[in-house]
Amino acid sequence: MPEGPDLMNAPVDAATQLELDRLYAGFEAENLAPLWTQLGDLMPMVPAPKAVPHVWRWKTLYDLARRSGDLVPVGRGGERRAIGLANPGLGGAAYATSTLWCAIQYLGGHETAPEHRHSQNAFRFVIEGEGVWTVVNGDPVAMRRGDFLLTSAWNFHGHHNDTANPMAWIDGLDIPLAHYIDSGFFEFGSERVTDEASPSISRSERLWSHPGLRPLSVPDAQVASPLAAYRWEHTDAALREQLALEDEGYPATLAPGHAGIRFSNPTTGGDVMPTLRAEFHRLRAGASTDPRHEVGSSVWQVFEGSGTVVLGDTEQRLETGDLFVVPSWVPWSLHADTQFDLFRFSDAPLMERLHLNRTYVPEVSR
Amino acid sequence: MPEGPDLMNAPVDAATQLELDRLYAGFEAENLAPLWTQLGDLMPMVPAPKAVPHVWRWKTLYDLARRSGDLVPVGRGGERRAIGLANPGLGGAAYATSTLWCAIQYLGGHETAPEHRHSQNAFRFVIEGEGVWTVVNGDPVAMRRGDFLLTSAWNFHGHHNDTANPMAWIDGLDIPLAHYIDSGFFEFGSERVTDEASPSISRSERLWSHPGLRPLSVPDAQVASPLAAYRWEHTDAALREQLALEDEGYPATLAPGHAGIRFSNPTTGGDVMPTLRAEFHRLRAGASTDPRHEVGSSVWQVFEGSGTVVLGDTEQRLETGDLFVVPSWVPWSLHADTQFDLFRFSDAPLMERLHLNRTYVPEVSR
Amino acid sequence: MPEGPDLMNAPVDAATQLELDRLYAGFEAENLAPLWTQLGDLMPMVPAPKAVPHVWRWKTLYDLARRSGDLVPVGRGGERRAIGLANPGLGGAAYATSTLWCAIQYLGGHETAPEHRHSQNAFRFVIEGEGVWTVVNGDPVAMRRGDFLLTSAWNFHGHHNDTANPMAWIDGLDIPLAHYIDSGFFEFGSERVTDEASPSISRSERLWSHPGLRPLSVPDAQVASPLAAYRWEHTDAALREQLALEDEGYPATLAPGHAGIRFSNPTTGGDVMPTLRAEFHRLRAGASTDPRHEVGSSVWQVFEGSGTVVLGDTEQRLETGDLFVVPSWVPWSLHADTQFDLFRFSDAPLMERLHLNRTYVPEVSR
Amino acid sequence: MPEGPDLMNAPVDAATQLELDRLYAGFEAENLAPLWTQLGDLMPMVPAPKAVPHVWRWKTLYDLARRSGDLVPVGRGGERRAIGLANPGLGGAAYATSTLWCAIQYLGGHETAPEHRHSQNAFRFVIEGEGVWTVVNGDPVAMRRGDFLLTSAWNFHGHHNDTANPMAWIDGLDIPLAHYIDSGFFEFGSERVTDEASPSISRSERLWSHPGLRPLSVPDAQVASPLAAYRWEHTDAALREQLALEDEGYPATLAPGHAGIRFSNPTTGGDVMPTLRAEFHRLRAGASTDPRHEVGSSVWQVFEGSGTVVLGDTEQRLETGDLFVVPSWVPWSLHADTQFDLFRFSDAPLMERLHLNRTYVPEVSR
């Protein structure tokens, strides 16, 4: 990427080239590599991700997941009937972006995905259906449409379908990051979920889901949110109120016609997990967002409504359930044809904790 | 308080005493004071507060407040028809403890307490009645039984009674601390409240009272909680669930039969205001707490039910509305005759932020 | 302090006055006090400290300390031959300001001040002399001219004079604050210092006084600085370099001709102790500072040189060793006649931790 | 890695296999990948780094660097005559570990490496020689044996050799991490260093290298250390004192015979840069360390002395200048034949900020 004359890689005469070839062979023999031949790739002027923007269609995902349900039993060893988004730029690995994993998980009627735990942080987001309970450290958490559900690092968890009907949802994790930085631990647990009850709300919610109220029995900050479920009725109400306040003339939205909430850890006010940020966005019909470059990558899923996204230079139409990824520094903008509800998760906490976050919104002439 | 021979204040012969008298006169003339004559008072072995434990009866307070309502108009200059608890140990100042102010405030039908702001942190807690709106920076906040309402430092606020009936509640502030450390600023605002609407919930709640959800438009930590009202239905539900979880065999309560919540700042998970902590406690009928010494002082109000409190060596019966104060390091314990609901506020954040907090629960032979 | 008509304290007719008298008598009988009669005193428009600006002369202090040395033996019970600055506004208590204690301490040849510990934070600053070792948790710390020495909360400490000559220095503590908020604990220790060695530097310095380097054996943040002594040669060098950098055209000083350093906790970068800030200032001959209002109080001592201080409306000349106090919000400014070196300590961490800090520097027409 | 029967990847009949093949082809066509075939690789039971332990010999590195000095001019485009350690497990990329870059940089007599800046954090460590100045934001910083020198993110920096003799040192950066997470920005600066002076200490040190003292002109916490150079005489003294204190019977060392310091940011007490930790270790002759597993990787260089390192199952001898890398979770231990001084840097801040750090020291029977 560096422009201008490159003194260090300049053409040389044949004798020098011979010497250079021997030098470079020496580097290779000794497990060394010169910076001057690799600088442009290693240290680009702005982030140059291998991952590319891409859209996956919910219908396609769901069909393949359903066929997997017919063909692949779920159980110990494979652990989850989860099918990961494999970014076309990343050579076939099941990485949505360089740091983020996103999969559709499918559980047939009365099936169980066995319990395990891992140091990777995980969540579920439900776009349709119900009937599955995620059991987190023995606490059964109902999964329903619009819910955002946590299984943060090193908590045992399994899933079981309490009904005769299949259910699918998306999983988000920091698997690629953990794999790359070599931080992952994994442990098997029970083959059945350890509590097969099917309460409508979890014990975690009964303890933690009261606005601004903390149990005195847990006074300290927790690394990850102790609240296992963020229910759709709360998310929907929060977004609705922001737009209503905007209509009444009060500051509440992120930008005109653009409401948004961040899912947060009630013991810190910060992100739900140390590596992952999760948000929900609602655009009014007709609203658009400004093109924005951000350090770090994200995955979006349309929850309801339709519109378009511009990713770099390409515009794509989006319908309910469609997923897309935004690699680092690729400018993105949204346009809503109808009221447009979108779930998003990203590696923003990683960037912020390392002070690597930057945002750039080009001035637009309107 | 120091025991043993005091070499420095020991008896001396007459000639030396004359010299000493001249020395001490010299100290006084030069605005000096020796440590060795004052050490025991200045630096006791354990905190030796001037404030004493004391109980105020709600009925008495309410009657005097009502009579004030008949005799004293509310308005600019005096600002509030508030009658402060004056700790018997503190010489008549309206200080509940050395750091805490607590008053009953009374507003007659259709009266208004004018707007002002101050660097002191303030809250309201409502034990009965309704019909008054606290207007915080132009946002009308309904006051109803069981609600905990914030007007943190330097926010303009006034109160107006939208009904024909009087209403009374308690105010809590850090006035004594601010007065002592000379940190207080005060500014008058509008003589009328700046928004006379009477919505059932405030704009602050519409933006902030969704469990675990933060508006994307306010991403940073706030010094004080942006949530202006913590409603009784949430507090009650949180306490009820803790006791239910205890019944089901799960950890949730502070101690057997003792549920409790802390009111918190959703942007930090910490206390609602930098100087004041607020909590709500519920004891099952028959439950007791262990005697506990704590650095820092607190004010309690019985919200519902009856029981007893032991403060130092003295036991007192408590009924709905009664208030009591616990000075620093005075051991306290509660016993519930019925289900016993109590509101508490304290200067715990002051002690914790200065690393002065300590707790001591003597071992009890049972 | 509130101006304008005071509706609530307005003149009334005789019958109403009789009722009011009965009401106020009722308040008093029930340990209550109305806000509306006290508001102006309790909640002034800006801080209105009882403490006043004042200057104490080193020569006067030293003479009285020396006479105390002749008349008052040092020992267990009185603990320290320390003579505190008693602010003329604070009724004779040995309080320099409402939160700060400052005393001259005097130890005759071969005397020992016995060991004790307390939850109050303490330091020493040495303006002249040497020969005393402060022993902090068994670590002997030499005291020499210009040194700033810590004995933070709950560390045992005593002092012993290893020479035949007396020595005097100043002590700074947060005694008034601790006394007021009832946070103080005290415990006697050994009557002799527990290590009578007289090394030129302490073990604490050997472990911690290496710029930017921390021992791997103590990886965590410490509540108070683990460095027991900040030596004059380092302070002097830091100030000298700031002025030299200013001469060379680089940013380094606080204002033209005004160098300054803060003594800091190497494990946090923050203040040396949770309640006290300590600084050293150097003004070039001829330099002045702008009048400045600050929330919180401070004590200054001239270390070397001469000049003047304006405190509110009053200007006073200052010579080596003179001490002065600045109560909260009283504007202060300094003018240097010679190079002017001053030590300062304050309660700034208290104000900052409670988010009560404010500064105001009026625009000056020059 | 998961053991036991793998239900999801179990053998199937031919018809099913045909269906499965079509399913997997569908995954590939749609840019999807199933978790159940990849779980063991993606989520191992403990970290399973691709990077391997490896030792590079200083003599080999230096010889190749010198030959590069003869053959490759330094200048704009290639920017630095730096030759990176290429971990044999990482396929030829110039990555010492998955997150860390380490290179030998070589500058001939009177050569200049041009100025640039980047969001990657960088430092230099000098094992021999002198005569080069690193110019950081216009501040010339002398490089001498044993010095640790910072050029943290987004500060312009270049190097120039003020002498006729070549000099070599090592560079450490977070290039692989930044490359992987796509966070890097780069900008060219001046082709010459912007200040060609050759002072013995930098302006940064004159402002910041005074133990426990901070300039009042920079009161806030800084993301990276403002101290550009940590000089050998301070590091050596700190280590020497730790061992002397141990000899005297006081706690000071990390373990018997094992002294160590962390280079720290004086404005926070934390690591020098958000992504990199740097330490210096000294073992007495004959001392050993316990085998230790740590999440995260590190690079070590022997500064002085000789001994051995055990990396996993392999023991290697080490001499002055030798470099070795420890990938995540590979157990390492050191044994000193002589007094053994080693510099180390690691990605520990990354792991700690994401709460992914773990350490395991197996119990050893001695």
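Labels for the chains are A, B, C and D, by order of writing; each one numbers its residues from 1.
Convention: a contact is a pair of C-beta atoms (placed from the backbone, for glycine too) under 8 Å apart; a residue touches a chain by one contact, two chains touch by 3 or more.
Note that this is a predicted model, so its numbers are computed, not measured.
Trainee: Would you identify the chain whose Cα-based centre sits farthest away from the centre of chain A?
Mentor: Using the mean of the C-alpha atoms as each chain's centre, the farthest one from chain A is C.
Trainee: Test of understanding: which option in C-D, A-D or A-B shares over half of the contact pairs of B-C, residue numbers taken as the match?
Mentor: Of the listed options, the interface copy of B-C is A-D.
Trainee: Indicate the whole-number Å distance between the mean C-alpha point of chain A and the mean C-alpha point of chain C.
Mentor: 52
Trainee: Approximately how many whole Å separate the CA-defined centres of chain C and chain D?
Mentor: A distance of 43 Å separates the two centres.
Trainee: Just the number, please: Cα centre separation of chain A and chain D in whole Å.
Mentor: 29
Trainee: Where on chain A does chain D make contact in their complex?
Mentor: Spelled out, the residues of chain A in touch with chain D are 1-2, 4-10, 16, 19-20, 23, 26-28, 30-39, 42-49, 51, 54, 56, 60-61, 64, 67-68, 71-88, 92-94, 98-99, 103, 118-120, 153, 175, 177-188, 223, 274-275, 295-297, 327-329, 347, 349-351, 353-356, 358.
Trainee: Under the touch definition given earlier, write down the residues of chain B that touch chain A in their complex.
Mentor: Residues 203, 206-217, 219, 221, 225, 227, 230, 234-235, 237-238, 241-242, 244-245, 250-254, 260-269, 272, 279, 281.
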